[in-house]
Structures are given as structure tokens and as C-alpha cells.
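Labels run A, B, C and D following the written order; every chain starts at residue 1.
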Amino acid sequence: MTTSLALDIGLAGLIFAIGTWTVFARDSLAAVIGFVGYGLLLAIIWVRLSAPDVALTEAAIGSGMTGMLLLGAAARLRPAGNQSTRTSLGGRFAIGVLCGMISAGLAIAILFPPESIPSLAPTVMQNLAPSGLGNPVAGVLFVFRALDTLLEKVVLILALLGVWSLATDRAWGGVPGLRIYLEPSNTLTFLAQLLPPVGIVVGVYMCWVGANVPGGAFQGGTVLAAMWLLVMIAGLRNVPPIDGFWLRFLLVIGPVIFLAIGLAGFVLADAFLAYPAGYAKPLIVAVEVALTLSIAVTLGMLGAGPPERSRHS
Amino acid sequence: MNAAAWFGVCGAALVGIGLYGLVINPDPLRKILAFNLVGSGVFLMFGVVAKRGAAAGLGGDPVPQALVITAIVVAFAATAMAVALLLRLFEATGEANLDSSVSGDAKGGDARC
Amino acid sequence: MNILLNVFTVLAVVAGAFFFLAGTVGLLRFPDTLTRLHAITKADNLGLGLIILGLLPLTSGPIQALKMISVWLLVQLSGAIVTQLIARAVRLRGLQE
Amino acid sequence: MLNAAGLADVTTGGAALVLSIVLPVAGIVLSLVLGGRRAERIALVLLPIGFAIASAIFVQVARGGHSLAYIVGGWAPPLGIVLRADGLSATMMMMTAVVICAIGVFAVADFRTSKDVFEARAPFAFWILLLAIWSAMNIIFVGGDLFTLYVALELLTFAAVPLVSLDGRAETLQAALRYLLFAILGAVFYLVGAVLLYGSYGTLDIAMLSERVRADPATIAAAALMTAGLLAKTALFPLHLWLPPAHAGAPAAASAMLSALVVKGSFFLLVRLWFDVMPGIPGAAGTQVLGAFGAAAILFGNVLALRQQRLKLLVAYSTVAQIGYLFLMFPLAFNTASSALESGNALTAGILQAVSHATAKGAMFMSAGLMYAALGHDRIAGITGVGRRLPMTVFAFALGGVSLIGLPPSGGFLAKWLLLDAAVGSGQWWWAATMLAGGLLTSGYMFLVLSRAMTPALDPVKLHATIPQYQQAAALALALCSLLLGLVAFSSFDVVQIGRPTAA
């Protein structure tokens, strides 16, 4: 057994241990904090699986943004405690056996791959050149399976609409109350002044290089969203009301441009979501830039929660 | 067994443990957390499939990798909506429960503790 | 020269790892929030700093080295401020646990 | 670009498939940025256009006698994504268009932005969600790629859950959260299956998978997990617990959409999976198990419906029962000789049941909602005499019931007749017995409601709100669709079978 294999097994074991702990921990807040650490370790596994794009996404969205939402919720729900009844011992045992069987089945399915392992990697590399992209993952997301990426952005927007729809009728069009409430303090303000310039550079960089090296609209957009949330939490900028024109505009600019370029493909190229020969890369970069903005705004507003105060009060 | 296979087993185990937590834990927040465990386990298995398909000078098959990115974003959207619903439910009833029947007003009839 | 640099890398990384270990033990074993914060900041600042210092000779160029140093600086910044905020919260709400 | 020459004939007819997806999406983003009551106007403009597109696809498929396809971006599978519309998709798309349009007309009265505000919460959200549901349903019907279908499934969930809690009452919030947890877990199960299939076959395209699929452990595990996930989303007994509170608690127009359409989305994926991707995998035992769940759903759902005190809950439980009928087609379509699922009359019957239930249930939820609005409550004990005041509404409710029971000439009759015929023909009399018992129970609760509604009240019924004629007309139109659907028996050919492997 080589050292690196031993380290990988240790990493997998550690991740499983933390995952198990988040299920059984008594305190919800502690479990959520464990989950954030779990997400960061998972990002390392993704690097080990030669998937740096996924690692960035997991760290930014799977661990960072999800962790922030869950932390805010755990802090708010703390006084609730838990009055519901627990499952009986026999029931727990039966469910445990069932879950164990599912795990075992999945493990067997993944441990015995077919004799010839299928892969689309060669096909992707053969067809990537005309698009001018250097990052094959970006190629799959924006060239070969652009429809999925477009729909996924619609999913995000719908989730935001769903969150907003939970507001009271009176608060509609008003300002979201940030879930994570911190007393204003000088140190936080200091951080919110110092970090965003760096963060914005990082976010823009991630989006910009995403066409050629790991990174891209989702990762960059998440970093921008985090910076925006930080500035709002520190009170340096107000949370915008949800019916503001610019907010709505930025929210949809990504899918709108994506859709427009896709529809133009009917006329200028040979199909919907096809790029005219020679213009693929600039068009994809345009889509990525617009998507980064939209994703930043969507994630930021998802973090801020449903509107709680009417604009005028 | 190579490292990827171990990660695959880890993913399968995470699906099971997450599923257990999702069914057993009465607290909705912990259910949401457990759902994220199940999701990450599934993604990890997809990552192993990608790693197995390493070819053409790439460390892994880029198609499943791209699909995982999409799936992570979708799972986040689900979490965001679930958390918002949960907080709104807590605000409306003062408790965060899925199994007790809640009524419109917070002081509803049943005094279960 | 090369061997010297390698020895330097190993020493610095091992020292950094030691601080991480110590910080983790402190986080788990110390009695209250403030002392735990004290332990974990040591791991952050010194441990990460030493590891990055040790890795600097292995970087492929000044840009990469700069990136790694900026990682350390950012961790310093966020670590210090978050610690400050937690300590403040503890002071405001009284010592718990 | 990949074989551009060979694509030309595939892509020309298929552009309508893209439009059927993209148009509602464009409506969603436009509504968000323009805001206010323009969301309603955009939706109302898109309703007829979308209807025209669905009709065009339906006519093209029915006339041409073969399925349509569109290769998105010019990238053929396994790299790219194909949209396909066979007879199955065209039928379901047409059904969705009809139901959505009726619901759109119905909802104009309930989701109007009042004059004194620029934008109001419920109407704004409702009209966008309506478009989102339409788009998601269309993707599910024409998607040819298992992952695109996963995204569509999630899109459907994120459109459906906010509809449940649109009222904002505590119990609907709870129902919505429970629904969301069921739905996202179901989707994750579906995704695991897709992962395993990709790992074995290197493609997610349905047509390519159907050629490559083998009965190895990974594939069987994938089939089982995907089925379980989709059953949770379809609310087949015993995974139905989330459905009644969610469907009964939503506003009438939303309930109609959830019960008529949303559960059909995951059901349709199940049909695709079992009939198209892996007809040979489930085996006799698998189909019998699925049928048994269906039979249990019929009996259980109907008995519970019979015991409900509230009209909307009764209608919701009847959905649980009617979903059961959909699953009887699996054992009945199973051919023991070839040991595979065959697309014959049983498949046609199942799809017909889906379509007639969608139209009937849409009508029934609308009428139940109108009675609720008129009386201020929906206690079945208190609806005495409402038949006099709202004859059109009660008539629509009754016609919907006719289809649920399976009386001629309704679509429900034809569907159940075909199922019975298949059950008797294949010697599986136990399904026939279940269906007959289910029909009796259904007539029981329909009689209970209608006899109350038609009994003259002692003192005149006071209506809390005036019910616009067009709302009643929308409900009645859907009910008539369901009633007249049975007449397709007189047409000589079967649209559902177009593009099926065995039909050619």
C-alpha cells in the first residue's frame, strides 16, 4: 500500500466519520458546523478525483453557501428545541438495515465496473477545438450540454421566487431581513471593507479563466455573492428591495443573454444553442460573464431570505 | 482497490447514513442536513465514475464532472428553499415540526410536549 | 543547495503540522470558548504560515509563490476577525459551556 | 460540427419542440424583469401560443405517423442532447396544454393584482410558476436525456412547492416542506440511477441506452432506485403521505395543476424508464409488485376518500386512488413470452387514464374551489343545496366523477375498459376485481357528495362571493374534455403508439 493510497483511505474514512457524526450529534448547531468542515474535506476528495472544477463548486456552494444558510437557520431555530417523538428502537433498527442494504448495493454496483469502461473524454477532446475553449468541463457545460446549464439557471431563479413567495403580502416588494444577524461592530466593518476588493478580483478571475482552466460562472458568481453578503451583513450597503429594477435586471441578465444567443443559433448557426463557427469563444465568454452576475445576485438574495420589512418602514 | 474505489465506497456509505438520518431524525433542519449528505454521496459516486473514465490525457471524464456541478447547484437551490420554508413555519407556529398537525393559530389545540 | 531546500521544506512543514495538531488538541480539550479560540488561532497563523513557508521553494515561479502568500494573508485576516467576533459574542452573552 | 448533413431532416420539424420549452422560460424571465401585473399579461399571451405549439406538434406527429426529434446545438448524443416527441409525448403535451389553458382562464379571477399596488405577491408568483410548470412538463415529455430529465424534474418540484404554500397558512407551509423533502429525495434516488447507468453504458440518451442495456447488477440497482425515487414523487401508495395535505391545502387553481399535471410528470418518466429504456429488466415479479402497489392505492385511497369530511381532501385522496390505476398497466403490459414490457393496449390504456384523470381532476379541484369560495367552507356536510345556486359547477364536478368512476362515454371508461380487457385477456383476474371494487367505492363517495349538493336546502343557501361564469365554464370545459375523451375509441388509429418500437 502506497502512502498516497493510505492518505486517500484515511481521508475517505474521516469524511465518513464526520458525516456520521452530523447525523447523530445532539446539537444542531454543532452538526451544521461539522457539515461545513465535511464540505471542505469533500472538496479535497474532488481534487484527488482530478475534478478541480467540482472541488471549487463544492467548496463554494456545497460547503460555503449551504453552510451559511444552515448555520443561520440553526441559530434561529435554537430556541425551538425538539418536542417531536423519536422512532422506536425496532423501527430504527429496520430502517438502519434497509439503509445499510442500499449502501451495500450501491457499493457493489460501483466496485464492479463493466469490463470496458465507457468514457466520453476522447469524444469531448475531439470536439472541443472548434469552440476555442481549453477547459473540457466548460465545454460540456456551455457547448455540448448547454440546455442543462440554461435550465439549471432557471431552477435557481425559481428557487429564489419560491423563497420570496414565503413573504407576507404586506412585505412583498420590501427588503429581505438578513438571516444571520450580527451586531454591527468595527471589526466586521473592517473585514467588509478590506476583503471585498480582493474577493471581487478573485471572483472575476475565476469567471474569466473558466473558459481555459478550472473555474467558471458558478464558482466566480458564488465568490461575488459571498462578498456582497458580507458587505450587507456588515451594514455597509443596504439590502435592496426585491422589486428594484436593477436587481431584477441583474437576476435575469444571464439567462436572457444565454437564451438570446441560443435562439440566434437558429438563424446564425445550424441549431438552437449552436454557436456560429469562429464566434463560439467570445459568445461563451459573454454568456459566462452575464451568468456570473446573475448567479451572484441570485445566490446573494437566496442568502438574504424572503422580504421581511416593507420598503418604507 | 485503488483510491477511487475507496471514495466510491465512501460515497455509497454516505448515501446510506444520510438516508438513515433523513428518516430517523425528527428535526426538519437535521433532515435537510441529511439530505445534503445523501446528495454529496451520490455526487461522489458520480465523481468515481468520472475518474474511472480518465482518457485522452484528461484526469477524468469531463461529462459527469460537469453534470455534478449542475447537480450541486440544484441541491443548493433545494436546500435554500427548504430552509426558507422551515424558518417561515417556525415563525408562524413557534415550533419546527413535521409530524404534529399544526393549526392556523400558534396556540392550537394539542398540548403535546 | 537543493538538498538544503528540501530539508528546509520538510522541517517547516513538519513544524506547521505540529502546530495544527496542537491547535486541534486544544480545540477539543480546552474548557471554554476563549481558550479554544486561542488554540485554534495558533494553528491557523503559525501552522499554515510555516507550511506555506516550507512550500515556497517548491513553487514554479514568483506568481505562484505570491498566490500562496496571499492565501496565508487572507486566512490571517479572516481568522483574526472571526475570532474577534466570536470573542465579542461570548463577552456579550456571557460565558457559556 | 457533427454530421450536419444528416441532421437536416431531423431538425427541421423539431424546432417546435425547442419552442415548447423555451417560450415559457422566456416568459418567466420577462415577467421577473417587467414585474407587476405584466406577469399575468405575459402568461395570458403565452397560453394560446403555447397551445398552438403543442397542437402543431400533436398534429405533426399524428399526421406524419413518426416521432419528431431535435438535436440541441447540433451535438448528437452521447455528447449532446436530443429532444424527441413520439406519440406518447405528443399526447401528454396536448393534455398539458389543454389543462394549463383552462387553469389559466380559471385563475384570472383568483390571481388578479389589485389596482392600488404595482405588484402583489400571490398573483406575481402564481403566473410565473404556471409558466414554470408548463415548461418543466414539456421538457419531461420531450427530453431524450436522463440528466436533462433530472433537471426538469427538479424544475417541476421548485415550481410546485411554492404553489402549495401560496396561501401562507401554517398547515400549508408544513405540507409544502414535507412535499419538498419527499420530492428532492426522490430526485436524488433518480440521480443515483442515472449515475450508475452512465457508469455502465457511457451515455444518458434514452434511445442509446435502450440498445445497450443489459441485465447486470448495476443496471438492476439503477432501475430499482430510479423507480423508488419516481414513485415517491408520483405519490404511489405507500409513499402518498405528502400528497393529500399538499394538494388540498393549495389554492384551487394550484391544486388543479398539482393534481392534474405535476404527479403525471414523474409518472411519465417512469413509463419512459420501464417501457423505453429497459423493457426487459423489471421481469414479471417487478411488474406484479408495481401493480400490487397500484391496487393497494386504489383500495386505500378510495376508502380514505370515502371517510373525508372536507371536499378538497376527498378530491385529494381520490387522486391517490386514481394514481393507482396508472400502475395497473405495468403488469398488464408484461408479455410473459418475451419477458419484456410491450407497448400494446395496456400502455394506451394507462396513458388514456393519465389524460382523462388530468382533465377530470382539474375540473373537480376547480369546482371544489368554487364551492369553497361560494360557501366560505368545504365541509361536505354543509354543501346542501349548493347544486341549486351553482348548477354549472356541480355539473362539472359530477362529470369529472363520471370519468373517475369509469362510466361511458368518458375517457376514464375507455381507459378502465381497456385495462379490464387486458386483465381478462392475460388471465390476471385479480387486477380486474380490484378495478371493479375501486369503481364501486368511487361511485360511493361521488354519490355522497352529489346527493348532498343536489338536496334542496331548508333555508336558502347564502353565497359569500359571486362566482364568475367563466370560472365555472373553465371547469366545465375540462370536465367535458374528460367526458368526450372516450369517443377516441371510434377513431381508427392510436396516437400513443406512434414511434413505439412494436407499432411499426
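As a working rule, contacts are C-beta pairs under 8 Å (C-beta built on N, C-alpha and C of every residue); 3 or more make two chains touch, one makes a residue touch a chain.
None of these values were measured; they are calculated from a predicted model.
> Looking at the contacts, which chains touch chain A and chain B alike?
Neighbours common to chain A and chain B are D.
> Quick check: more C-beta contact pairs in A-C or B-D?
Here the pair linked by more C-beta pairs in contact is B-D.
> How many angstrom lie between the centres of chain C and chain D, each centre taken as the mean Cα position?
Computed from C-alpha means, the inter-chain centre distance equals 56 Å.
> With chain centres taken as the means of their Cα atoms, state the distance from chain B to chain C in Å.
31
> State, to the nearest whole Å, the distance from the C-alpha centre of chain B to the C-alpha centre of chain D.
26
> Give the residues of chain D that touch two or more other chains, as numbers and ranges in rising order.
If we look for residues of chain D contacting two or more partner chains, we find 79, 147, 151, 154, 158, 161-162, 165, 168, 173, 192, 196, 198-199, 202.
> Hunt down the residues of chain A that sit against at least two other chains at once, touch-wise.
Those would be 102, 106, 110, 113, 118-120, 124, 144-145, 148, 152, 155, 158-159, 162, 166.
> Judged by the touch rule stated earlier, which pairs of chains are there in contact?
Pairwise, the chains that meet the contact rule are A-B, A-C, A-D, B-D.
> Quick check: in the complex, which residue numbers of chain D touch chain B?
79, 147, 150-151, 154, 157-158, 161-162, 165, 168-171, 173-174, 176-178, 180-181, 184-185, 188, 191-192, 195-196, 198-199, 202
> Could you please specify the touching residues of chain A with respect to chain C in the complex?
Those residues of chain A that touch chain C are 182-183, 185, 187-188, 190-191, 194-195, 198.
> Along chain B, where are the residues that touch chain D in the complex?
Touch residues, chain B against chain D: 15, 22, 28, 31-32, 35, 38-39, 42, 45-46, 49, 52-53, 63-64, 67, 70-71, 74-75, 77-78, 81-82, 85-86, 88-89, 92-93, 97-98, 101-104, 106.
> Along chain B, where are the residues that touch chain A in the complex?
1-21, 23-27, 29-30, 32-34, 36-37, 40-41, 43-45, 47-63, 65-70, 72-81, 83-88, 90, 94-100, 112-113
> Would you tell me which residues of chain A are touching chain B in their complex?
4-5, 8-9, 12-13, 15-16, 19-20, 22-24, 28, 31-32, 35, 38-39, 42, 45-46, 48-51, 53-54, 57-58, 61-62, 65-66, 69-70, 72-74, 76-77, 80, 82-87, 92, 95-96, 99-100, 102-104, 106-107, 110-111, 113, 117-122, 124-125, 136-137, 139-141, 144-145, 148-149, 152, 155-156, 158-160, 162-163, 166, 179, 216, 218, 299, 302-303, 305-306
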